[in-house]
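Each structure below appears as structure tokens.
Shared between the two complexes below is chain A, which pairs with chain B and chain C, respectively.
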Partner chain A sequence: MAKVAVATRSPALAGKSVGGQGVSLKVLEPASRMSLRARPAAKAALSKALGVSLPEKPKTTTTKGGRSALWLGPDEWLVIDEAGGDPLADCASVKGLHSAVDVSHRNVAIAVTGPNAAATINAGCPQDLSLDAFPVGAASRTVLGKVEMVLLRTGEDAFRIECWRSFSDYVYGFLSEAARDG
Partner chain B sequence: MAGSYRISGQGRLTPAKTARFTFDGKPMTGLAGDTVASALLANGVHLVGRSFKYHRPRGILSAGAEEPNALVTIERDAARKTPNVRATVQELYDGLTVSSQNRWPSLSFDVGAVNDLASPFFSAGFYYKTFMWPKAAWKKFYEPNIRAAAGLGVAPDQADPDHYSARYSHCEVLVLGGGAAGLAAALAAAETGVRVIICDEQADFGGALRYEKGAVIDGQDGWGWAQATVAKLAAMDNVQVLSRTTAFGYYAQNFVGLVERVTDHLARPGRDEPRERLWQVRAKRVILATGAIERHMVFANNDRPGVMLASAARTFLNHYGVVVGKQVGVYTANDSAYGAAIDLKKAGVGVAAIVDLRDNPTGPLVDEARALGIEVNHGRAVTSANGSQRIKSMTVQAKGGGAERTIAVDALLMSAGWTPSVHMFSQSRGKVAFDDATKRFLPGTYAQDCVSVGACNGSDSLEDTLEQALAAGAEAAKNAGAKSSKGVSLKVEASEGWSGGMLGAGPGAGADTKVKAFVDYQNDVTAKDIRQAVHEGMRSIEHVKRFTTNGMATDQGKTSNMHGLAIAAEALDKDIPQVGLTTFRAPYTPVTFGAIVNHARHGLFDPTRKTATHNWAEGHGAVFEDVGQWKRAWYFPRAGEDMHAAVNRECVTVRKAAGLFDASTLGKIEVVGPDAAKFMELLYTNPWEKLEVGRCRYGIMLREDGFIYDDGVVGRLAPDRFHVTTTTGGAARVMNHMEDYLQTEFPNLDVWLTSVSEQWAVIAVQGPNSRKIIEPLVEGIDMSDEAMPHMSVREGKISGVPTRLFRMSFTGDRGFEVNVPADFGRAVWEALWAEGQKHGACAYGTEAMHVLRAEKGYIIVGQDTDGTVTPNDAGLDWAVGKKKTDFVGIRGMMRPDLVAKGRRQLVGLKTRDPRTVLEEGAQIVENPKQAIPMKMIGHVTSSYWSENCDRSIAMALVAGGRDRIGETLYVPMPDGVIEVEVTGTMFFDEKGGRLNG
Partner chain C sequence: MLLIHCPYCEEERPELEFRNAGEAHIARSTDIAAESDEDFEKFFFIRSNPKGVIFERWRHIHGCARFFNAARDTITDRFLLTYKAGEPKPDISKLSSEHGPAAWANRPPDQLNVKPKAKRSTKGEA
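Up next, the complex of A and B:
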């Protein structure tokens, strides 16, 4: 068989960024993502295999070496790997009851940074984003305007928004509009 | 001086900062900080509009948000035109254009004023009684004419070019109102470190301190203290100070809607500044410091321009430096109006007389007025204001009647007392209680975590107000978890205290008179109208309100409700609490649609979802159709082709060679876990346990009632892993349906669901050449018929990237669906397209997809089914596992109605004339000659021209349809009856050989 040309990757909104009033938006590079569901008995083995301990407290995240596990539900985590790792492969040999599904291409990530980052997100997200209620490392599946997103606070003035690919136009547009009103 | 009625040395505006504006085209000058009302008064203008119903000349009643009269249109440009703006709220800016409303041809000569003369015909309930007959005239004549005559300003006819913003916010203490009470409460709360939001509808904080001159707090005059306190609050990190911000709605669990007017006061708003910002605040505790609103006196012609609230005249003087006349009269039942008379007198304005309805008014203010030489007439009433476009005199008479005296005045200041502003408290579902001693409704039983302080809570003195407020602020912070408890104390060194007041109509507007003594200015409701409503049998205040429209204008009866209630109570000979109070509803003052909609306009109205190949399709001339939020390629017309020609070509090409179709929008759910097959057995009618790994099956999902809910092809990737597809429209709800059953009915199962709809781009390659197109790009998959038969799934690589390759067909021809990770969708599509070009393939859209599937009788859930169709009705009994004992809908399917004979069944229809294409949705009858209404026995669900069949084809749901195959039925249409033959649903390749062709 003749050598087949390898398909090039075309991420949604690749490389887009914009500055607003005290806030800037940047579409982040593709990452490996895994939707992980598991029974309690499997958590320890999965944590070990992933190299990051699966958080058990609502609205929290653990991060290690470019890999984060976001608590989304009592038995649900979103694992994001930005260091070129393959979390699915890492979990493949774990025997405990779990479901690992690749969602790397399902999501698009947008970084919202700057002193007005929280206010910009609060244009469409009803959560309390004060540092007391939503500290660095806090994560939540929530809404932005009319769509669902996963929100992760990566710094005092920095958030990562994960939304589904086809909603990224809306999310980016919404944030751009909200960023005008920092 | 900006205006001849501006007095130097009075007010707080800067004389050098002028602002030009026009009123009805006439240029005028005001000062920065003016409202339109104060600027007009400074220029001697009192006549600013015409009333709603009688077109009576109207002036400025108030100096605040309660204004019922002075409604104007303001205009920045043709598109930025706002009608019904309260002149007392709109701030002046340089270049503002103001126009009066509800007058033609001009404000001073208005043809509509004939309504005032004809007013005996326009009394309460007029609309209900007069336009009842003839019945037909309502729709054609009365309603259109009434609608044309109704309304005040004219809505702009262009799209609003401004943008609006929104913000969700959380705080421990939300303070509504920035007068002395609100500021003190906010300060006490803020000093503890908790998050505080304080808002006030005015440009400046201060509330009543704006006009009260007598207050001294902590050694500062009241206004100075308020400004210093605001500055202090604004400098604190834990405090958000919002001026020009109205709390308009109080919802469940301390969720309060605020609207901030960001640019309406600016001559040149910044490009990025929103016109308004909607704040949706969730507060642990709300402190209501909403103050009180002064009531007018109800007497004949109390609406003449120049007649206004005493506190308003005092505000115009003490804040804006504007006198409202040169020789004023005062009519009051309460002390506070004396303050206005005293201030005006001291400013050099003639005060003709104070007319006090009370028999023996006493107190320091009364003494001071007398000491200044002002004539005080007690036990007397003003029975009429005289003049037309401006008051010229007032008629004064003893309460019990007797000689009338006419006193020349050019303004009349009135005060019937103060109504505590319980709007927001009432909106919070709190219950008000009537205080008989002071004749007012005060907050009674609380329904939410809020507290009222100051005038809205019935406090009559500044000392009491500040004491309440400081305690409430500290307490609110403490309850919300404040760590520190830094005490705040404020010392009131001087203040004004008021008492007195009356409700209802005064003398001269009594039961027998025909005079127009206005209760509700904005809706032109008089004391007589309210009495008439009672006379005609209205007993509840809610009925009186609706019959007279009292309190139903945009001012929501802020000045009129209590008077209306008192007059109705008197007429009913009942106590006020027995008659009841009407309900306060949001919004407190009108809110723009822009603020409510905020970002959800244009492209952000609703998400527009696009697939990975969207831009390719656009570049290849695709016409798109909306499918839910998705944009899907509908057809790909070539030069010179219309839709019909393009679809015909696409349909023929797919069957002759091949076609590429973007199926990415289909819902996809990965079902994973040891009990995956068990779960599938329960959610679908089909059997799954025995489906081999690598094989696919068409599945049907029912609701509990036995009707078809969704369908789709499911592939088994591993013993414990299924790749489920759903319809595009069903993606979200099918996922929810499955998750719902998993969590509530089958929580014992070890299985999880993950939506992968957007993980995979799906490229359908259909047609006899499909394998030839895909094969060269694939690695690791044997695509021969033996290794990969119809309805199988394989994992491998295509164009070097991972794929889940399905062999399946929604056309009836050999077909595949190539799933690749979404970011590779575009590149793989292009690779397949390049291969396809070698084999005569085309790109086809959703229309051709629909035709091709209909040629094979494949149903579309939601088109050929409508939520009342069972698998049997749809001819899909084969997809129901006969040996299965349980699945969602199995019992529903056995209901007598669902197994009865004569149900509508899906059949094919062929028109006698093969060129005639039926209309989808058309009704079907047995006998077209029967009388109308005919008995309808079914309807057309799908209908197309099929180029492959060289005739029209259709599917329909027909009663007892499968027993009618071969029969002739009829489709009556407006231009004739169409004869059809009932057939099976398969129109093409009945033997199905092409699946492997």
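Up next, the complex of A and C:
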């Protein structure tokens, strides 16, 4: 009888963590993510369907019930759902012209927490991460070392880094070294 | 690090997030098939490459990913201003000053070593 092969998904860097001087790194659980692009006309309907209003101001986020919408560009958002919901299915009924792509497994999320979190990220990120320039809830696509990432400030000394899966090894190694230097 | 003002992100961001995308305000002919070879060459290959202020396209590739236009001084690398793509070419005559290295280098060669006349008041001189 033919043997049935069952594919099991193995997340990149699953469960890894580093504790250093004033900063700790933790690879977060898989989450649902959606890359959303839409014109202003479809925005209200999409916000209603998703349950979070899509932010209009640059570098801002709205979060509601485990679901966050991050402003990436004037017509582009990254929606992250950590509560087990399916943002793509929620958008399916919206009539307005939009593009919604599931990128859940494209990204790996790493939490950087502790009083030295900003300094650790600044080892490879050129943005001003002071609380005035990058307050809690601020989010932006930017660079870390030689790769691109999406940075979200979840607390005064807590960040969430979203990087592409194939870059995750580099990002994690880079942050580990930066945490050790701190 | 150079800070560039992104008109879409509405703030200054580090240059590492940006890419240059060539000269701005080069319009493609609406009837490209009717273009003569010389006109097409001008449109496609020939760029002004000035020593001084140039209008360029830039892309905030590791940020909002949008293209925008900028007026930059190629000598000092100073961005005079940035504005959204599709907006008309702004008047920068008031922004660029007559002094400084850029103005100096834009002089014709025979005037390079001529010092500007000092403004001196003649009143009260003996």
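We take it that the second predicted complex is superposed on the first by the 176 of 182 C-alpha atoms of A that agree within 3 Å, B and C clash if a C-alpha of one lies under 4 Å from a C-alpha of the other, contacts with A are read in each partner's own complex, and residues count from 1 in each chain.
Definition applied: a residue touches a chain if its C-beta (ideal position, glycine included) is under 8 Å from a C-beta of that chain, and two chains touch if they have at least 3 such contacts.
This is a predicted model, so every value here is computed, not measured.
Touch check for A:Arg153: first (chain B), second (chain C), both, or neither?
In the superposition, A:Arg153 touches no partner, neither chain B nor chain C.
Is A:Ser104 in contact with chain B, with chain C, with both, or with neither (first, second, both, neither)?
A:Ser104: touches chain B, not chain C.
After lining up the shared chain so the two structures overlap, which partner does A:Ser140 touch, if you call chain B first and chain C second: first, second, both or neither?
A:Ser140 contacts chain C only, not chain B.
Pick one for A:Pro126: touches chain B only (first), chain C only (second), both, or neither.
both
Which of the two partners, first being chain B and second being chain C, lies in contact with A:Lys43: first, second, both, or neither?
After superposition on chain A, A:Lys43 lies in contact with neither partner.
One more residue to check, A:Arg67. First (chain B), second (chain C), both or neither?
A:Arg67: touches no partner chain.
Which partner reaches more residues of chain A, chain B or chain C?
It is B that touches the greater number of chain A residues.
Return the residues of chain A at which the contacts from chain B and from chain C coincide.
126-127
Could you please specify the touching residues of chain C with respect to chain A in the complex?
Residue list for chain C touching chain A: 1, 8-11, 13-14, 16-17, 62-66.
What does chain B use to touch chain A in their complex?
163, 165-170, 195, 272-274, 277, 280, 282, 598-600, 603-604, 606-612, 630, 670, 672-674, 750-752, 754-760, 776-777, 779, 798-801, 820-828, 831
For the complex, give me every residue of chain A touching chain B.
Those residues of chain A that touch chain B are 1-2, 4-12, 21, 30, 35, 37, 39, 75, 97, 99-107, 119, 122-128, 130, 133, 145-147, 164-167, 169-170, 173-174, 177-178, 180-181.
If you look only at chain A, which of its residues touch chain C in the complex?
On the chain A side, the touching residues are 58-59, 72-74, 76, 126-127, 140-143, 148.
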